[in-house]
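Same chain, two partners: chain A is paired with chain B first, then with chain C.
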Partner chain A sequence: MRRTVLPVLGVVLAILAFWYVAAIPMNIREVVTEAERAGASVWGGPATERQGRSAWALAVNNAPIALNGWSQERPRLPAPHQVAQELYQSTIGEEVFSRRGIVQKGEFSNRGLVYHAGVTLGATMVGFLIGAAAGVLLAVGIVHNRAMDMSVMPWAIISQTIPIVALAPMIIVVMNSVGVQGLLPKAVISAYLSFFPVVVGMVKGLRTPDQMQLDLMHTWSASTSERLWKLRLPASVPYLFASLKVAIAASLVGTIVGELPVQRGGLGARMLAGSYYGQTTQIWAALLMAAVLAAFLVWFMGWLERRTLRAMGVPA
Partner chain B sequence: MTLVLLAALVWVGGWALNTWLTRGARARSRAVRTAVPLIFGATVLLCWELIVRGLNVPPAILPPPSRIGQTFVANLPLLWGDFVQTILKGAFSGLAIGVAAALVVAVLVDRFDVLRRGLLPVGSFMAALPIVGVAPIMVMWFGFGWQSKAAVVVLMVFFPMLVNTVAGLQDTTAMQRDLMRTYGAGYWPTLLKLRLPAALPFIFNGLKIAATLAMIGAIVAEFFGSPTQGIGFRISTSNGALQLDMVWSAILVGALAGSAVYGLITFLERWATFWHPSQRT
Partner chain C sequence: MSPDGSTVMANAASFSQTAAPVIDAQGVNLVFQTADGPVQALKDVSLSIPKGEFVSFIGPSGCGKTTFLRCVAALETPTSGTLTVNGMSPDAARRARAYGYVFQAAGLYPWRTIAGNIRLPLEIMGFPRAEQDARVDRVLKLVDLAGFGRKYPWQLSGGMQQRASIARALAFDADILLMDEPFGALDEIVRDRLNEELLNLWARTQKTTLFVTHSIPEAVYLSTKIVVMSPRPGRITDIIDSPLPRERPLDIRESPEFLAVAHRVRGGLRAGHVEV
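Coming up: the complex of A and B.
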C-alpha cells in the first residue's frame, strides 16, 4: 500500500504545484492591468508596450502583485483552490445552503453541478445499457452465423477507426427536428459509441472456448443454446467486462459531446455555457465533475467485474 | 411504396447471396473474404437509398447516399481545405507532439521506479477521463486556429500512449535481459536493441488508439470555435443550416481519413514488427 500511495501522492502534489506556478504567468496580464486601473505603478510601461513583453518578465518584475493571479475573478487559468471552491459552491453550497437546493426545495438546483451531472449520468446509463445489450446480442449472432460474421465484423472494426463522435450534433439536431427531445437523442449517441467495443470484445470472448471444450459439450449432446449458456457466455465474462470499461468511458464522452448543441442541462452544456460567458472556473469545475463521474463509472465496472468473477469462482 | 418493397427484396437478396457465399469451403478463399463485407455494405447503402426515396424522407432529416456522394464530389476543394485544416494541421501535429512526449516520458518512467509507481496509476486514471472536455479551455488559451486543436489532441493521446509504452518496455523476460548483460550491454544499448524493439507491438497498439482519439479531439475542439474551415466547423455550420448532405460529406472525410491513418499504422506495424507472432501467419 505505502509503496504506491506515497509516489502517487508525490505526483499529484507535483501536478498541483506546477498548476499553481503556471497560474502566475497565465494570469499576469490581467493582474497588471487591474493594478494599473487601481492606480498602482506597474513595471512594463503602458498597455501597448506590455503586449510585447513576456509573461514571465512581467511576473518577476511585478512580484508584489503577481500572486493576485491566484484570486482573479475570471482567470485564464484558475488556481486549484479556486476550482475546488467553485466545485464546493456549485455542489454542497448550492444544495445545502441555497434556497434553490435540495434541502430547501426538495429537488436538485438546476444551477448546481449535481443536477447537471445527474442529467449526464442518466443519458449515459440508458445509452450504455442499450448499446451493451445490442452489442452482446449482435456478438451472439456473429458467433453463430458465419454470413453475419463475415459481413458485419470488418465494418465493426473499421467503424472503430473513424471519429463517430462527430455524428453527435447531427443526430441531436435531426432527432430534435422530428420531435424527439430530452434524454433519448443523447442516449442514442452514447449507445452507438458503446456498441462497437462491446461487439468486438464479446465476439472475442465467445470464441475463447477451444475445440476440446466444444467437443466435450458435444459428447454431452449439448444443444446450441446450451453450449451458448453454459460454455460460451461464462467464458466470455472477462472479455465482456474489459470491453464494458472501455464502452462506459466512451458513452460518457458521447453524452457530453451530445449535450453541446442543445443547451438543456448536462455537463457538456455547462462547459459550453462557461466557454461562451468566459466563466473559466465553471468549465474547470464541470470538467472535474466529469472526471469524478468517469472515475466512478469505471471503478463501478471494475467492482462489478471483481464481484462477478469471484462469484463465478475465477481466481482473482 | 414499391421502392420500400424493393429495398426489402434487395436486403433479402444480398443476405441470401452472402449466406450462399459463406457456406462450406468457399468461405476460405480470399475473394469471398473481401467480397462478402463489400456486398453487405452495398446492400445497406442500396436499402438506405430506396427507403429514403420510397418514403419521401425530407433531405433535412436523412439524405440518400447518392445525394451525399454528389455533394461530396461537388465540394471536393472545400472538403480538401477542411481535411488539411483539421486532420493535417490539427490532428497530425498534435499526434506527433503527444506521441513524442509520451515516448520520452515513458522511457523516464521506466528508468525510475518511483516515477513508475507514481505516474502509472495517475496515467491510467487520466486515460479513462473525458479529456475532450478541455477543448473549450484550450480554445480560450490558444485561439481559434489549429494550435488549440493540436493542444487538445496532445492531451488526449498522451496518457493512452504513455500507459501502453510503459507496459511494452516491461515486456522483456529476465532471460533476455540477462543475455544482454552477458554481452556487456549497458542501459542504453539494452534499451535501444532489446527493450524498445520489444515494446514496438505495444507502441503500435497505443498509436492505433491515439490516432482515433486525435481525430475525435481535433473535430470536437472545432465545435468550440474555429476558423471558417475544418471538418468540425463544416459539421456544426451545415448542421445549423440543415444541409445534412454536407454534414454527411464532412463525416465521410473524417471516416476516410480515419481508415487511411489506421491502414497506414497497420502497414507500418507489419513492416516494423514482422518478427512478432501476431504478424506471422
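Coming up: the complex of A and C.
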C-alpha cells in the first residue's frame, strides 16, 4: 500500500506545486492592473509600458501583490484550490444546496457537472458500443476476405488523419439535415474515433492462431465460422481488451468534441460555454470531470478484462 | 520371437493380402513452388500400409516425411500420382473422419480445460452433448489422465499435455492415427515412458498408426514397419518390416534383433546421404 501511495502522492504534489507557481506569472498582469485601478502604486510603469515587460519581472517586482493571482475572480489560470472549489460547487453544492439540485427537485441540475457528465457518458457508451462492434466486424472481414484486407485498412488509416474537430460539425450538420439530432450524432463522432484501435487490435488478435492450430481445425473439417468462434475469437480476447481500453478513451474525446458545436449539454458544451464567458475555472472543472470519467472508464475496462481472462482460465 | 507374437504377425500378413490397404500411395510426387524455384518435396513415393500397422517414417529434415503425412491428411495435395486413404481420396477421408492428427506441439487451447480441449473436435463434428461427455471420459482414461479433465493446459506438464492431445485425436474414433514427431519436444525420460504407453494404446485400439520421428530407437521400438527416407528430393530409400514381436518390453532395445533393425535403419539413412 505504502509503496504505491507514496510515488502517486509525490507526483500529485509536484503537479500541484508546478501549477501554483505557474499561476503567478500567468495572472500577474490582471493582478497588477486591478491593484493600479484600486489606487496602489505598482512597479512597471503605466499599462502600455507594462506590456513590454516579462511576466516574471512583473511578478518579482510586485511581490507583495503577486500571490493575489491565486484568488482572482476570473483568472487566466485558476489555482488548484479554485478549481477544486468550482468542482465542489458545481457537483455537491449544486445538487445538495441549490433549488435546482437532486435534493430539491428530484433530478440532477442542468447547471451541475453531474448532469453534464451523465449526458457525455451516455453518448460515449453508445458511440463506444457502435465503434467497438464496427471495429470487430471490420477486423473479421479483413481477416477472412482478401479484398477487404487490401481495401479497408488504408481507408481506416486515412479516416484517422482527418482532424476530428473539422469533421465533427459536418457530421452534426449532415445528420441534422436528415432529422437526426441529440445523442446519435455525438455517438457517431465518438464511434468514428473508437473503431480504429479496435480494428487494428482485432486484426492482430484474430491472426494470432498459428498454422498448426489452423491445420488442426482443418483436419476436423471445421467450417470458417467454427474456426472463427472456437479459435480466432477466443485467441483474440487479450488483444480485444487492450484495444478497447484505448477505444473507450477515444470515444470520450469524440463525444466531447461532438458537444462543442451543439451546446445542448455535456462536458464539451460546458467547456465551450466557459470559454465564451471567460469562466476559466468552469473549463478546468469540466476538464477535471472529463479526466475522472476517462479514468473510471479505462479502469472499468481493465476490471472487465481481468474478470474475462480469469473466466477463460488464464493464471491470475 | 514369442509364439504368441508370431501368430499375430502371421494373421496380420494374411489379412493384408486379402483386405485393401488402408493407405495406398502410387508414384506420389509433390513439388512446392517457392521464391527460389520449384522444390521437389516428394519424388515417386509408393507405399501401401495394411490395416493395424504401426509405420514409422524416419529421415533427416527435408526428407518429406512430414509432407507425406500432410498429404495423407489432405493438408497438402500431391502434384501427381495417386494416394488413397481407406479407398477414398484424402479429402473425402478427412470429411469421413478417417484419421486423428497429433502435432509436435500439443496445441491445446489455453482457454479450454483439458476436457474442453478434447471435446472441441466432438463439438465441431456435432456429437450430442451426453456422448461428448462419455467419449471425453473414455479417452482420458485411455491416456491415463482421468481426473485431469477440469485442469487447464498450463497446469499440466509437457508430457501430460501431449497425452491430452493424443486423447483429443482419439476422441472421435478415427481408425488411423497420424503423429508428426509427437514426442520431439519432450525429454528422453518422458519420451521413453510415452513410447511404452503409446505401444500399449496401439495394442488396445488396433489403430493404423503413421508416426514421424527423428529418433532411430523410437522408430525401431514402436514400429511394425519402418520407412527410411532421404532428402533432396524427398524419397523412400528403404522399407523395413520389423521382425520384433508385437509385445515389446522396454528392454527389448538391448536384444540383437532390435540392434540389427536399428543397424539397417542407420545404413539406409547413410545411403541416402551418400547419394546426395
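As a convention for this text, the second predicted complex is superposed on the first by the 301 of 316 C-alpha atoms of A that agree within 3 Å, B and C clash if a C-alpha of one lies under 4 Å from a C-alpha of the other, contacts with A are read in each partner's own complex, and residues count from 1 in each chain.
Just so it is clear, a residue touches a chain if its C-beta (ideal position, glycine included) is under 8 Å from a C-beta of that chain, and two chains touch if they have at least 3 such contacts.
Remember, it's a predicted structure, so these values are computed and weren't measured experimentally.
Peer 1: State whether chain B and chain C clash or fit side by side on chain A once the two structures are superposed.
Peer 2: In the arrangement built by aligning on chain A, the partners chain C and chain B fit side by side.
Peer 1: In the superposed arrangement, does A:64 touch chain B (first), chain C (second), both or neither?
Peer 2: neither
Peer 1: Once the structures are superposed on A, label A:291 by its partner contacts, choosing first (chain B), second (chain C), both or neither.
Peer 2: It touches chain B, and chain C stays clear.
Peer 1: Please determine whether it is chain B or chain C that touches the greater number of chain A residues.
Peer 2: More residues of chain A are touched by B.
Peer 1: Taking the superposition on A as described, I'd like to know which of chain B and chain C A:45 touches: first, second, both or neither.
Peer 2: Neither: A:45 stays clear of chain B and chain C.
Peer 1: By the touch definition at the top of the document, which applies to A:256: first (chain B), second (chain C), both, or neither?
Peer 2: Once the two structures are laid over each other on A, A:256 reaches chain B alone.
Peer 1: Based on the superposed arrangement, let me know which partner A:314 touches: chain B (first), chain C (second), both, or neither?
Peer 2: second
Peer 1: Where does A:302 make contact in the superposed view: on chain B (first), on chain C (second), on both, or on neither?
Peer 2: Neither: A:302 stays clear of chain B and chain C.
Peer 1: Vertex at chain A, arms to chain B and chain C: angle between C-alpha centres to the nearest 10°?
Peer 2: 70
Peer 1: Would you check which partner chain A:4 touches, where first means chain B only, second means chain C only, and both and neither mean what they say?
Peer 2: So A:4 only meets chain B here.
Peer 1: Taking the superposition as given, tell me the minimum C-alpha spacing from chain B to chain C, whole angstrom.
Peer 2: Distance of closest C-alpha approach: 11 Å.
Peer 1: With the touch criterion stated at the top, can you tell me which chain A residues are shared between the chain B interface and the chain C interface?
Peer 2: none
Peer 1: Give the list of chain A residues in touch with chain B in this complex.
Peer 2: For this pair, the touching residues of chain A are 3-4, 6-12, 15, 26, 76-77, 146-147, 149-155, 158, 160-163, 165-167, 169-170, 173-174, 177-178, 245, 249, 252-253, 256-257, 260-261, 267, 271-272, 274-275, 278, 280, 283-284, 286-287, 290-291, 294-295, 298.
Peer 1: With touch defined as at the start, can you tell me which chain C residues reach chain A in the complex?
Peer 2: 70, 73-75, 94-95, 97, 99-101, 103, 105, 107, 109-113, 120-121, 123-125, 152, 154, 172
Peer 1: Where on chain A is chain C touching in the complex?
Peer 2: Against chain C, the touching part of chain A is residues 212-213, 215-222, 226, 230-231, 234-235, 237, 312-315.
Peer 1: Using the touch definition up top, name the residues of chain B that touch chain A in the complex.
Peer 2: Counting only chain B, the residues touching chain A are 15, 18-19, 21-23, 27, 32-33, 36-37, 39-41, 60-62, 114-115, 117-119, 121-122, 125, 128-130, 132-134, 136-137, 139-141, 208, 211-212, 215-216, 219-220, 223-225, 231-232, 235-236, 239-240, 242, 244, 247-248, 250-251, 254-255, 258-259, 261-262.
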